[in-house]
Amino acid sequence: MFYLFLAYSTIWAAIAAYIAILGRRQKELKKELNELKQWCSEDYFQVR
Amino acid sequence: MISVIRDALIIAGKDIVSELKSKQTVGMMVIFSILVIMIFSFAFDPVDRIIRNVIPGLIWVITIFSGILGLNRSFVSEFENSCLSGLRLAPVDPVSIYLGKAAANFIFVSIVQLFSVPLLFILFDYKLKGSFIWLLAIIFVGTFGFIIIGTFLAGLAANAKNSEMLLPLLLLPLLSPLVIAAVQATRVVIENESFGEAISWIRLMAGYDLLFTAVCILLFEYILEDT
Amino acid sequence: MRLCSKYIDKALFYVLVIFFPIILYLVFVWSPIEKVMGPAQKIFYFHVGCAWVAFLAFFIVGIYSVWSLIRPNINSFITAGVSAEIGVLFTSIALVTGMIWGKTSWNTWWSWEPRLVTTGILWFIYVAYLFIRKMDGPWQKISKLSSVFGIVGCLNVPIVFMATRWWNTKLHPIVFGEGKNETGGGLDPEMLLTLVFSLLTITLLYVFLMRKGVEIERMRMVVKNCKNEIMNKLTIRED
Amino acid sequence: MLEIKNLTKVISRRPIIKNVSLTLNDGEIMAVLGPNGAGKSTLFKCVAGLLKPTNGEIMIDGKKLKTGSVSAKKRIGFLGHDSFLYSNMTPVENLMFYGKLYRVNDLENKIERLLKETGLFLFKDVPVGSFSKGMVQKLAIARVLLPEPEILLLDEPHSGLDQSAVLFLNRYILDRKKTGKSVLFISHDLNAVYGLADRAVVLKNGKIVEASGEGGWENLDRLKTWYEQAVAG
C-alpha cells in the first residue's frame, strides 16, 4: 500500500510540476511580449 | 562510387600523415588506455579472481574511453582555420569526408587496441581459451560499429562549443546495445573453446554496424551543411 | 482556425477534468486487487500508460525529425522539441514507477530487466537530444542537427530492447514470463478496461500538454523575432 | 559566365543580402566594394556554395548551380578570410592534399612552381602553424590557384601581402583574364581595384547601390570620388 501511494504521488507531483513550469514560462513570455509591444509602439523605432 | 572511396582515402591519408608527424592523439590515447587499466586494477584487487570476470568488459571500456578522446580531436581539428569549409568547397562528396574521417579514426583506435589489449592480458596473467581469430573478428566488428557512430556524432557535436563534453553524452546511450553484444561475445570467446553462443551476438553487432553505416552515410551531409 | 484550436484546447481540458476522477475511481476502487501482488499491482495502470506515452513521444520526435529534414520548417522543429520535453517527463515517471514496482515485486529498486533498461537508455537519448537543442545558432542549423540525432536515436531504441532482452535471458533465463504484464497470467476484464482507460487518459494528457507546449514555444519564437526586428532597426540607425 | 539572380540571404531573420543581381562575363575582372558589414563576404560564401541562398539563383554558363554539386565546385576557387590550411602540415603537404582532392594533373611540378612564384619555396618543409599572417595568405592564394578554377572568388586577397606578392597576384589575375577566365574580388584597396578591375559594384546594407560602367576609370581620383558618392548616397 505504501509503495502504491509513493508511486502515485510521484506521478502527480511530476505532472503538476511540469504544468507549473509551462504556466510560468507562458507568464514570463506574455510579460516580455507586452514589454516589447510598448517598445515597438514608441516612435523611437519608427523614425528612420 | 569509386571516386567517393578515392577521396575518402585521400582524406584518411591526410589525417594519418598529420598524426604520424605529431603522434599526439594516438600517443595520448595509448597512455590513457594504460592508465584506465591501472585504475581498474586498483579498483578491483588484481590478485582476486573476480578481476577475471571484468576483463572482457575492460577491453571495451578501454576502447570506448580512449576512442572518445581521439574522436573529439578528429573534427575539432578541422575547425581550426575553417579547414572543414575547405573540404566542403573541394569537389568532394560529403560522404567521402565522413568515410575518410571514420577510416582514420578506425586505424587510430586499432593501434591503441594493439597496445592495450595484449597489455591487459599480460598484466592480469590472463590466458585466452577460445580461438584467437574469433576474438579478432569480434573486436573488429565491435570497433567498426563504435567508430561509425562515433565519427558521426563527433561531427555533430563539433558544432557545439562544449563538444568534448557533449560527445560522450550523445555517444554512450547509442552505443549501449553494441557494448552489451561486444562484451558478451568477447566473454564467450575468451572463456570457452566453443564460440557457438557468440555467433548471435556477432550477428547483432553486424546488424547494428550495417544499419548505422547506411543511416550515417545518408544523414552526414545534413551535419556538414551550413544554414 | 484559431478559434477552432482554442475550442479544441478547452474541450481537451474539460475531458481531462472529467476523466481524471473516473480513472482514479477505476484504479483504486473498481478494479480488483491482484491476488499475488496485492494493491501495489495498481501502479501498473499508470506505469504502463506513462511508458507507452514515453515511447509514443519519442516516435513522434522521430517522425518530425524526418519531416523537418525533408522540408525544414519552424513548426516541425518546435513540435519535435516539445514532444521530446514531454517525453522526458513521462520517461522519468515511467522509470520511477518502474523502480517502485520492482521494489514491490522483486524487492530490488532496480532490475536489469529489458523494458526498464530500454526506458533508461531512452531517457538518456532524450536528454542528449535536448542538449543538442540547447546549442546556440540559428534554428535551421539546430533543427538539422537535432533531427539527425533524433532519427539515429529512434532507430537505436528497438536495438537496445533486443540486446537487453537477449542479454537478460542469457544471465538468468525465464525469471519472468513473456506475457503482456509481469504478473504472469492474463488480465481480468475489469483490469483490462481500467488499463485501456488509463492509456486513453494519459495519451489525451500528452496531446493536451503538446498543444500547450507548442503554443508557448511559438510565443517564444514571436518574442525572439520581435527582438531581432528591434535589433535590426537599431543597427540600421547606427550606420 | 557567372550570373547571380535576385540573390537573397536571410540569417536568423536578418536579411544580409537583399535581392542582389550580378553578371560576370568570361574574361572579366569585377571588384565588389562596400563598407564593413555590407554583406560582401556572405555574398561570396553563397556563390562558393558554403551558404545556401534563401532565395534566388546562381548560374554558371546558363546552368543553375546546385549547392553541393561536385562538378560546379571544381570550377570555382574561393579564397576566404580563413586560410583553410592545416597548421600542423607543411605547405607542400597542404597543397598535395588539396591538389589530390581537386584531381590536379602534374601536381608536384605545379606545387613547386607556385611555391617559387609566391616566394614560399624556402619554407616548403616548415609547418604552416609557424607562418606569419602574410605567408599564410600567400599559401592560401596558392591553394586557390592550384586547381586553376574558371571562376575565382577572392575575399580581400591583398590583405597581409607584401609588395612582391601583390605584384605576383595582380600579374596572375591579369594573365588569366587573357585566357578568358573571370575573377570576382572584394577589396578595400582602391589602388588595387583601379589597377585590376574592369568593373566595380558597391554593396551597402546588402544591396547593390552603384555599379560602374565597363572600361574602368580615367584615373584613381575619379574612382575614389565615385566610390565615396556611392557609399554616401
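Order as written gives the chain letters A, B, C and D; numbering starts at 1 within each chain.
The criterion applied here is as follows: a contact is a pair of C-beta atoms (placed from the backbone, for glycine too) under 8 Å apart; a residue touches a chain by one contact, two chains touch by 3 or more.
These numbers were taken from a predicted model, which means no experiment stands behind them.
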Closest chain to the protein's overall Cα mean, using per-chain Cα means, please.
B
Could you put a whole-Å number on the gap between the CA centroids of subunit A and subunit D?
49
Chain centres from averaged Cα atoms put subunit B and subunit D apart, in whole Å, by 40
Counting in whole Å, what is the centre-to-centre distance of subunit A and subunit C, each centre being its mean C-alpha position?
20
Need the CA-centroid distance for the pair subunit A / subunit B, whole Å please.
43
The positions of subunit D in contact with two or more other chains are 11
Expected list for subunit C, residues touching two or more other chains, is 138, 229, 236
Touch relationships between chains, expressed as pairs
A-C, B-C, B-D, C-D
List of subunit C residues in touch with subunit B within their complex
69, 121, 124-125, 127-128, 131-132, 135-138, 140-141, 144-145, 147-149, 151-153, 155-156, 159-160, 162-164, 166-167, 170
Could you pull out which subunit D residues touch subunit C in their complex?
11-14, 35, 37, 205
Provide the residue numbers of subunit D that touch subunit B in the complex, in ascending order.
11, 48-52, 68, 70-71, 73-74, 76, 78, 80, 82-89, 93, 97-98, 100-103, 127, 143
Using the touch definition up top, name the residues of subunit C that touch subunit A in the complex.
38-40, 42-43, 46-47, 50, 86, 89, 92-93, 96-97, 100-101, 103-104, 205, 209, 212-213, 215-216, 219-220, 222-223, 226-227, 229-230, 233-234, 236-237
Residue set of subunit C touching subunit D in the complex reads 138-139, 225, 228-229, 231-232, 236, 239
